[in-house]
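Each structure below is given as C-alpha cells.
Shared chain: chain A. Partners: chain B in the first complex, chain C in the second.
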Partner chain A sequence: MLFTRMMEGNEAAAWGARLSRAEVIPVYPITPQTEVISHIANFIAREEMKAQYIKVEGEHTAMAAAVGASTAGARVFTASASQGIVFMEEALWMPPGRRLPIVMCMVNRSLAPLGGLRPDHNDSLLQRDNGWIQLYCENSQEVLDTIIMAYRIGEDRNVYLPVAPCYDGYFVSATATPTTVPDQAEVDDFLPPYKHEMYNLMPEEYEPIPFYRPIAESRYEVQQAHERAKRVIEEVDKEYERRFGRSHDGLLEEYACDDVDAVLLTMGSMTGTVRDVVDEMQAEGKRIGLLKLRAFRPFPTEELQKLAEGYHAIGVVDRNTSYGSAGGGIVSMEVARALYLLEEKPLLVNFHVGLGGSDVTMRQVRYMAGKTLEAVEKGRVDSMVDWVELKDLGEVM
Partner chain B sequence: MGLNSLFDEYYEKSFIQGGTTCCPGCGGPLLWRIILEILGSKTIIYGDGPCAMCAVRNIKLPNFNLHFSFIADTATGVVAALAAKGREDITVVSSGGDGATADISLGKVSAAAERNENMIQICVDNEAYMNTGIQKSGLTPYGAWTTTTPLGKEAPKKDVPMIIAQHNVPYVTTASVAYPKDLQAKIRKAKGTEGFKYIHVVIPCPTGWRFNPAKSVEVVRLGVQAWAWPLYEIEEGFLRLTLKPRQRPVEDYLKAQNRFRHLTDEQIQYIQGEVDRKRERLLEFDGKRIIL
Partner chain C sequence: MIEIRFHGMGGQGSVMGALILAEAAFSEGKHAQKIPVYGGMRRGGDVTVFLRLDDKPIRRTCGIYEPDALVVLDPALTAYPAVRKGLKEGGAAILNGEKDPSEIDLGVDLSTVATVDATGVSMEIFGARAIPITNTTMLGAIARATDWVELESLFEPITHTFPGRIGEMNIEACKRGYDTVRVKGGGS
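And now, the complex of A and B:
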C-alpha cells in the first residue's frame, strides 16, 4: 500500500491509469471528466508516469486514436462524459468488433437538451448495444480498483473486450472519499504487460485478418466473449480481494438481503444513500434490502435470477429515461427480460429518479422502498413506472 | 505463359497483390505500387473507406481501415503506440480519399498537422466520392459533372495542400501518378523527414471522370501539363516547383473527359484564367518562403 487519503473520483481514476501503466492516453476535456486528464498531465510532467499523452481535438479522434494505439499493441486509457461519449459513438463500435481491450472511464453526465452538467446514466446506457463492458462505481476507491481490474478483465484472452468503468459526475467525480492507493509493484504483479494474442500489427509478425467473413459469426464471438466475461469479472474481483484486501462483489452486490421481502436495485452513486436508508428501515423492522448492479454489460442474468427467487418484489431505480419504451427505464427492461423465464417471478416496480443529476434524497429512497414493500403486501404493482421527482411524497414510510 | 510468369515474379516481390477490386484504369493500385517500392516492408498503413481502400486492401503490409471520418486520427494512435514501444524504425502512412481529407476529416488532418504527428498523410484524390457513385466533394474541380452536381460544380476545388502548408509542417507536396519518378523522390523525402508530411496525389478515375480507361495516365498527365494540377513541394515553408512543363491549354485536359463536356466556352475561358493566375503566383513564389 502506498498511502490512504481523501481523494476525488477523478483523481482516483488518474491513479488507476497510472498504476495500470497505460502507455497511450488520447483524451479531450469535458466536464465533469477534466480532472482525470489534468492529474494525468501532471503525473507525466513530473515524470511519475510514462505515457504517450495525445491532446486530441475531439472525442471522436480520442477513441479513433485509442483504436489505432490498441491495434498496434499499446495499453490505452481514455475518459469522457455525456456529449463527448455521444460524439465518439461511431468510434465506440470499433473496439468490441476488433476485440481491443481499451479502458475508458465514462463519467456520467446527462445529455442535452433537457439535461445539464450533473449526472444521469443515459450517456453510458446509450452504449448498451455496442459491446463495451460497463461497470458502475459508487466511490473513489471503487473507481481506482475497477480501472486496474478492467485491464485484467479486458485483456483476458477469453474476453478481449473494451471496458468502461462508469461513475457519476460530481457525486463521485468531485466528491472526496477515503481512498487507498496500492503499491506499484503489487499492481505490476497483478497486471502483467499487455500482449494481444489474436493479432499483431508489427510488420515482422503481421498476418492479414481475413477481409470477408460472415458477420453473424463475428458478432456471435463478441456475444460469447461477453458471456465468458461474467466469470472473468467474478474471478478477477476475487483475486483482487486476495491481493489487495478489497472486493467490489464482481457483477452484482447483495447488501443486507438476509430475510427481506423486497430489494431496491440501484446503479452508481445513489447506492450509498440507499445503503443508509436500508439500514434505517431494517432497524425499524421493514424487510427491504439492496441489490447494487455493478455490471450492466455483461448483464448478470443468471446471478440475478438466482437471487430474485428469494424476493417478492424488486424495485428498480432507473436514473435514465427511455422515451416510448416497452415500459419504464432501461435497467428495468433488462431486469424484466432476465426474470421473465422464472416460474416464481418477483413483482417488478420501477422508478425514475435523479434525472439530470438532481439529488436522490433519503426521503425519496424511503418512498421507493415503501412502494416496493406495498406491492408485496398488495400482491400487484399499480403503475408501470413511477416518476418519483414529480410526486408530492407526503407521508412516507 | 511467359507473360503470366512475369506477372507472378513481379507480384512475388511487390508489396501489393495482383488483381484488385478497383475499376479498370483506376489510379489507386498504380499509386500504391509506386509508393510501396520506396517505403519498403517496415511500414504500417491506415486507409480510409472506399475508393482508397480498394487498393489498400490488396497491400500485403500491415494495414487496416475504418470509415471516411477516421483520417489521421487512428494513425495518430499507431504513431503513439510505436513511440511507446520504441519502434521508430516503422513508417506510418495514413491514406484518405479526397472527400475524407477535404470534407469530413479535414479537422482531423489539421489537428494531426498541428500536433506534427510523425506520419505520412496521403490524399488519394480522384476528385469526387467515387465509390458511393460519383458525388461531389470539396476537391471536385469547378465545372465538373457529378451525380450531385448535374449542371457542374459551382465552387472551385479546395486548396488543401496550401491549407496544410500554413500549419508550418515540415513537408507538403503535390504529385501525380503520371510522373512516378517525381512522386517517388517525394515519398523518399517524406520517409526521411521527421514530423507530419502531407502528400496530395491526383489519381485518374475513368468511371467518374468519364473517359476510356486505357487513357488513364495520359489524362492525368494532361492535367499537369495544363497546370490544372501543378507539381510542387513546400519544405520547411519554402515552395519549389518540381516540374515546370510547357503550358498546354486547359481545354485539352477538359475535353479529354466527359465530366466537363457540358462546359460553355465562357466557362472554359474562366477556368483557363484561374489556371493562369495560379501558375503566375506559383512561378512568382518558386524558391521563396510562403509561410507568413
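And now, the complex of A and C:
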C-alpha cells in the first residue's frame, strides 16, 4: 500500500480502523462523523476490510454492542460526535471499568442548544471523568496514526482501557491535507492481533456479588491504569516513530519554546494556526511558544509541571465552557490543579474561543499571545477568563 | 502561500472542485489544504471552501479572510459584499458569468480577472438542472487564468473522482472552461 494523497480526516480515521484490522464496528451516523463509517462500509463492501459492521438504532446501542463484542474478545472500532456521544453516555462508563480496549473516534461538534455542526470540545470533555483515554489530534495524518497507536496503548497489558482519538469536525474531519497511509504488513508488525488476558467469560472460580471487595479497589485500578498509560503513550509514540518515521509527541508537545517567556496551550485543530502565529511573532522578537496538549486523559501533570517551570505565563486556550466553574474553561482548571503544587508557578491566563464551532483566527491567536505576554510584563492576570469572541478584533465573516 | 476562497451553492460542486484542484496541485509537488464550510448538506445551501497551496506543509486551519483569489461558482453570488469581502489588492478573481472581465468591478484593483460561462457549459454537457454543476468548468478556467495548476494535472483527479462516462463529461467541461475563459491580466 504505502501512498500519500490528499485525504480528509474522516477518511484517515477509516484507514486507521482498517489498518488496525478492527473486527467489529457497531455504528450510528451523525454529522460530522458520517464519512468515517461510510468509508468503512465501502472498504467492507469491496472486501478490502474484513469486519462485522453492525448498524444499530442509536448511539447508546452502538456502545452497548461495542462492549459486548470487546468482552467476547473482538477488536472494536466505532465513532460518534456531539449529541451522539452524549446519548451513549450511560454505556460509555462500561468499557473503562470492564477494562475493554475499544477505540472510538470522538469527532468534536458543539452541543445543543445553539450549537451548530462545527466543533468545540464540550462533547468529548463531558466524558473526562469516565475513564476513557483521550488523545486530541490536529490533522488527518495524526488521526490515522493515533488510531493505530490507540489500539497498542489500550491493549497494552499495563493499561487495558478504551481510547478516544478526538478531532475537530470540519477543521479536521472534512479538511483534506496530504496524508500517508502506511503499509498493512508494517502495521501488522506493530500491532499484533488482540488477545485480552484479563477478561474471562467463564471464570474458573465463581464469585458472588463482591460486597466484600470495596468498589474503590476497582476504581483505584482504573486510576492506576491511567497513571501507567502515560508511559505507554510515550513509548508507543516513540516506537511508532522508529517504524513509520512520524511522531506526535506522546502526551504533550513543546513547539518553538526555546527562550520564551510564555506559551499558549492548545488542543486540536487550532494548534496548526497557533504554530504559524508563534513563528510570525518570534520573527518579530516576541517570546511566545506553544504547548500542544495531546493527552487530556491521562492528564500529563508531571510533564506539564516540568515544562511550566521554564515559563512566566501559560495562556490556556479553552474551546469549551463550564458554566459556573471555579474559574474559566475545563482545561484551565486541570492546568491550575497541576500547577498548584509548584512553588514557582507561572501566571495562568485563560481564554474562551472557538465556541459553538466558530473559527479560531490568526488575529485571535495573536491577541491571546499578546495578552499572555502582557501578563508577564505586568506580573499579574487581569481577569479569570477572557471571552475572546466577544472582543471586537476587527475581523468578522 | 496562496489562499483561495471558493463560493458556491450546495450542488454546484464547490467542495469537490476545490478538492480536485488540491489533488492536482499536490500531484505537481505542491502542498495543499482544503477546508469546507457549510451548514447542513443540502442543495442550494451556501458553501464556502478555503483552499491553500504552498511549497511547504500547511499548518493553519483557520478560515481565509483576506484571500489572494476568489473563485465564484454561481453568477448570482458575485454581487454580494460578503463574497468579495477581504479580497486582496493585486489578487485574482475567477468568476462564473457571461460578462466580459472588463465589466467586472470587485472594488479592488486585481492582477487577474477571468470570466467563464460555466452555467452555459454545464447546461450543454450535463443538461438543464435547478442547480447547474459548474465546478469542473471553473477548474479549466483556473488552469488557463492562473499558474496554480496545469490543465493536464486536473484530468487524473477528475477521472478518479468520477469514474467512467461521468468523468469523460467532466473532463469535457474542464477543457471547455479552459478554451472559453476570458482573461484580463495574468494568464499562463
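To be clear about the criterion, the second predicted complex is superposed on the first by the 381 of 397 C-alpha atoms of A that agree within 3 Å, B and C clash if a C-alpha of one lies under 4 Å from a C-alpha of the other, contacts with A are read in each partner's own complex, and residues count from 1 in each chain.
In this section, contacts are C-beta pairs under 8 Å (C-beta built on N, C-alpha and C of every residue); 3 or more make two chains touch, one makes a residue touch a chain.
Predicted model only: the values in this text are computed from it and were never measured.
Model built by superposing both complexes on chain A: chain B and chain C fit together without a clash. Look at A:Leu393: by the touch rule set out above, it reaches neither chain B nor chain C. In the superposition on chain A, contact of A:Met384 is made with neither chain B nor chain C.
Contacts of A:Leu2 after superposition: neither chain B nor chain C is touched. In the superposed three-chain arrangement, the CA centre of chain A forms the vertex of an angle with the CA centres of chain B and chain C, and that angle is 110 degrees when rounded to a multiple of 10.
Contact with chain C, but none with chain B, is seen for A:Ala174 once the two complexes are overlaid on the shared chain. Looking at the shared chain after the overlay, A:Gly272 reaches chain C, while chain B stays out of its contact range.
In the superposed model, A:Ala112 makes contact with neither chain B nor chain C. In this overlay, which is a superposition and not a single complex, chain B and chain C have their closest Cα atoms 27 Å apart.
Chain A uses no single residue to touch chain B in one structure and chain C in the other. Within the complex, the chain A residues that touch chain C are 5-6, 31, 116-118, 138-139, 168, 170-172, 174-178, 269-270, 272-273, 275-276, 359-362, 395, 397. By the touch rule above, chain C contacts chain A in their complex via residues 15, 19, 22-23, 26, 31-37, 39-41, 57-63, 65, 82, 85-86. Put simply, chain B touches chain A in their complex at residues 41-44, 46, 57, 60-62, 64, 66-67, 69-70, 73-85, 87, 90, 107-108, 110-111, 114-115.
Against chain B, in their complex, chain A makes its touches with residues 23-24, 26, 51-52, 54-58, 60-61, 64-74, 76, 90-91, 94, 201-203, 206, 208-209, 211.
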